[in-house]
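The chains carry the letters A, B, C and D, assigned in the order they are written, with residues numbered from 1 in each.
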Amino acid sequence: MPNAAKIRARVGVLGASGYTGAELLRLLIHHQGVEIALLTAERRAGQHMSQVFPQFSPYSLPKLLAIDSVDWKKAALDLAFCALPHATTQRVIKALLASAPGTKVVDLSADFRLADPAAYARWYGHEHHAPELQKEAVYGLSEIYRSSIKSARLVANPGCYTTCAELALIPLLRAKAIDPDEIVIDAKSGMTGAGRAAKEEMLFSEVSEGFHAYGVGRHRHMAELDQEFSRAAGRMVIVSFTPHLVPMNRGIFSTIYVRGLNTSAEGLHTILCKSYAAEPFVHVLPFGEMPHTRHVRGSNMIFIGLANDRVEARAIICAALDNLTKGASGQAVQNMNLMLGFPETLGLEQVALFP
Amino acid sequence: MPNAAKIRARVGVLGASGYTGAELLRLLIHHQGVEIALLTAERRAGQHMSQVFPQFSPYSLPKLLAIDSVDWKKAALDLAFCALPHATTQRVIKALLASAPGTKVVDLSADFRLADPAAYARWYGHEHHAPELQKEAVYGLSEIYRSSIKSARLVANPGCYTTCAELALIPLLRAKAIDPDEIVIDAKSGMTGAGRAAKEEMLFSEVSEGFHAYGVGRHRHMAELDQEFSRAAGRMVIVSFTPHLVPMNRGIFSTIYVRGLNTSAEGLHTILCKSYAAEPFVHVLPFGEMPHTRHVRGSNMIFIGLANDRVEARAIICAALDNLTKGASGQAVQNMNLMLGFPETLGLEQVALFP
Amino acid sequence: MPNAAKIRARVGVLGASGYTGAELLRLLIHHQGVEIALLTAERRAGQHMSQVFPQFSPYSLPKLLAIDSVDWKKAALDLAFCALPHATTQRVIKALLASAPGTKVVDLSADFRLADPAAYARWYGHEHHAPELQKEAVYGLSEIYRSSIKSARLVANPGCYTTCAELALIPLLRAKAIDPDEIVIDAKSGMTGAGRAAKEEMLFSEVSEGFHAYGVGRHRHMAELDQEFSRAAGRMVIVSFTPHLVPMNRGIFSTIYVRGLNTSAEGLHTILCKSYAAEPFVHVLPFGEMPHTRHVRGSNMIFIGLANDRVEARAIICAALDNLTKGASGQAVQNMNLMLGFPETLGLEQVALFP
Amino acid sequence: MPNAAKIRARVGVLGASGYTGAELLRLLIHHQGVEIALLTAERRAGQHMSQVFPQFSPYSLPKLLAIDSVDWKKAALDLAFCALPHATTQRVIKALLASAPGTKVVDLSADFRLADPAAYARWYGHEHHAPELQKEAVYGLSEIYRSSIKSARLVANPGCYTTCAELALIPLLRAKAIDPDEIVIDAKSGMTGAGRAAKEEMLFSEVSEGFHAYGVGRHRHMAELDQEFSRAAGRMVIVSFTPHLVPMNRGIFSTIYVRGLNTSAEGLHTILCKSYAAEPFVHVLPFGEMPHTRHVRGSNMIFIGLANDRVEARAIICAALDNLTKGASGQAVQNMNLMLGFPETLGLEQVALFP
């Protein structure tokens, strides 16, 4: 770190004009270990970030480039954050690593999250374009795969819904304390999770003052849940999962219904408390208390609460995080910290913005 | 009805300064069968409705009275809507019916919803103050208890959460098409459901831009659900139920997870379609489509959707209504229409206000 | 009316898939004088309204057509509402009236609002495509031009900002009670005013939790204001006007700063009260009280308040209306009522939806 | 600073359970020059901050005390932030400084903002309770009174509306570039400006989806504006000022209408640019561009834009800041930095949180 403070790591953000890109910049601008060396944004190439996100007007940042104009070798990045659309991602990372094999990559898309090529093909309808990298990629759920992430070159940052549900359930599945066949995850997301592309159904007037479910029975984040829950349980796990949209900008809230296996709700709570006692970004609330998304807004925290259900042997878990921070860019910086040898919390200390 | 149009029924609204009171007036002002003969509001007694809710400025309405100043006999109401707080309600309705036994009552509080005195005492912590009326009261879920409501003197209007979940599930439970032991109801409500009392946790800045659960494991609406689901199933049913608050004014959205009993999701959908084919206020969406609360805002409709869960034998039902209309005052007017012999849809034809 | 109730007028809505189209349907579905005979929507031609706006699912409505597929003569409309984009409008109305000269038209676009061809060319950058119709068109500010509207074939429905400011100021300008050279109009609009086209800057996450001005110094509604204020004052009037966007769906709020000419603020208030004493849709609040947009939401009302400014001889006027109702589709129906000989308030009686 | 990093200044927050209190803690928790030594909150005395604002759960903070239980001498604070209600403030600061005269104070209430005892008495209806401190207090508009603030013991932090309007206008008034008799300030605020007290009119359902003006013609912030504008102009200045509430949490937006005195709009823009060229927290946008509140959310920045009005010789200025940060607690920390000799930007570097 003393050196890091002097010789900062060169990082780039590919896809800086989207919401996860802006969130990465928010966190990286004052990060003491890095310098922002390169920014790309296809449709806004040639512009300044202040034209795309005026909140960056007070800061001096590199101009936005088109990806194809970048020479990865000359760019000499220590680490690239890749916040690009599905499919494009595979092509870009393959080219980048071929040209600059020493650059590390944190990918925020879903492209490298599934380890199993067959699962990938089944969920995405085509073979993976970089199967050897798919094999190499480490799933970037920081608290669970910390040691692998530290030595990884390519980290697949988890989805926002999945981070929220997985941190709540993996310790319980590993402990075989809940029935893997009776898990219901009812998930709610703020609108930034849908990205910045102009779509009618994302207009303010379509979204405000209302609530709805989407992708019922068939959301791609299910593939990630299957993979991680099955790994944790040591057997195949398929959960009920329904995503919904909340008229707010930031936040994921998961209400999770589980059945204890010879374990009371208090017992489940104890497992979570013990699992996360030393974790700086996971806060387990006192038994019976439940989180609000607003209390983690803009922070890298996940808050988890657990209470008794009145139905015999069942418990209800609620978990809340900011989909752009712990659910995306915050965890990406956390992973960068692990990969580059910085203290894990560096640049991620912001207190939540409430109200 | 021809007569009703000429000699309008005299109706009163007790508790007109709350949100359900305002919603009753919105619906009753242009209702062709009634005249608004009496309004009460304790803290605002002596004021005009336009001081309490300025949207009524263009209308001529009776001044707000204190309840204790009303002589029920002289008031000669054909029907009173009672939108008063818990406990007060029992006292007021008892006095009203003692003094004016010919007046009919639609009560919007929870006081007369539970038929079983023991259940009441268990959930509310004290004996009912008007047990004979508790016995007399008819549960006002219009579509389910239509014929009893028609001849009732006292109707206990159901809660907003419960109307939403019960209309979605009762036909399936009656048909024994779902497992009564595996029902999870994840419910989300707009903020008007919490009423107009000034509480810190209901302030705009506490509520906007966030999402949370409350009353986890112990919400009083559960008592109503138990009663109605058990009646429908012919055996005791206890469901998992979690209410949440959404930063929007109006709307209840219930996501319900069920397991079919020898019935596919399509089969469940068919049962709902058949049950509600002739109902003017219940719209079952095509299989696989899901509702939005915004599409029922300000209307008396409930929209119900049903889709396959990817978990074997399970289905997901989503239901949406406006908590102030079908979830409270709209259903109250629907019940009044039944009780006074008006066409059931009279005064309830408004199209939803979207956007 | 007795006849109207039996033989309903045939009306069409051109451009039914936008917000003003949906609002027209909301108002027309239960209007006792009309039947909805024709609906068009280019990109959604062939679909049902319930696919475009699910709130119409419970209603039976004509399928959406492409405009070019309509034979206006055969359509035999008594009146067409035209809610189409700028420029397209001129072409369509010209063709419609050429083919079916007996059809009346209420146009909700800005295309026929400016009576002066030179002003039109200056603000829109090209000559008008139907100058003879431009001459024929009557400006549809119902309260001000009622008698001309009654006999008009083509009515140019005013803009939302302009309706709000004009109803507040025209009586004062006509009475020469305020200085025409010192008018500042600070206007705020809900998001539906921006329409349903998918634009990045209208996404929920771009708009919620923030406030901004736009079109500062150069908004096209200024042309309308110039025209109407100059007409009212009998001399040229140019005002300062700044529009802003509020994170809400519906509502225009105008804060207007004026200097009285030998007239106190109370005197100005009296002029407004007298001007609108008999108007069903204009409510002047008691002196010193100010309106809220929420109290007119979904209604055809405009609420106007006036108070003393503490600066000598100055007053502050606030006016509020629903941009989709009195600011667009409600006033369009009001104009239709005038044009077809219905009572002016028919179908427009809805009480505002608050909360 | 090297020492400050080792021996941190002891600071206290009086009134930590309100929104400005929470915002102070958000900024101070990671401030490298201070330790949070004392917190008070009358109604929550004895509780932890995490019970009042759960976002602080991950942090270790002193328990909340009742003010009367504090011995100011023993507390040995280097600086106290006072975020208490009007009137209480005067009593508390008087006692504090009597007991611990070496403690510095930044007061966030309005109690010490008016330098003129007569003006205070006129606006607040009673004599000031600590007139000698009123004389001592320095008005804490950091950019304008920097040098006096550095040596002050008691700083009266400006109001949110006033900071926004004053930073936009003071340079223009000082330069005599605008007419002091023709200033109209139309101001809009987010809801946190109204504080955390439970009032009916601040409930979510009263506020969301609507817009309104309040305090028209008579808002106490006018007294501050009068004082500062008159100081800047060297003559008495009284402006038109109307505050409004926007359904959002954070943000002040001021739209200001001015008339140039022998100075074009471009000339006015140049004056602002030059005045603030070296200011870290004031960003003047390019001529003709206007700010959004969302781009300063959670940051200590004020963004100012200026454009031509189309009315001869007039210009429109828009300014945006976060009412809790630059409009209250951020400027309070900025003032603390000046008073304690820290770099002015220390702890205030956060980038705005958008989206």
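Methods note: contacts are C-beta pairs under 8 Å (C-beta built on N, C-alpha and C of every residue); 3 or more make two chains touch, one makes a residue touch a chain.
Since this is a predicted model, take the numbers as computed values, not measurements.
Separation of chain A from chain C in touch steps, taking the shortest path, is 1.
When the interfaces A-D and C-D are ranked by C-beta pairs in contact, the top one is C-D. Chain centres here are Cα averages; for chain A and chain D they lie 36 Å apart. Chain C and chain D, compared by their mean Cα positions, are separated by 40 Å. Annotation for chain A: residues 19, 190, 192, 205-206, 208-209, 247-250, 291-292, 294-295, 297, 354-355 touch two or more other chains.
By the touch criterion stated above, chain D contacts chain C in their complex at residues 182, 184, 186, 188, 190, 205-206, 208-214, 216-218, 222, 238-240, 242, 244, 246-251, 253, 255, 257, 288, 290-295, 297, 305, 307-311, 314, 316, 318, 320, 354-355.
The residues of chain A lying in touch with chain D in their complex are 19, 22, 25-26, 29-30, 53-59, 192, 208-209, 249-250, 280, 283, 285, 291-292, 294-299, 301, 303, 324, 349-355. By the touch criterion given at the top, residues 19, 190-192, 196-200, 202-209, 247-249 of chain D touch chain B in their complex.
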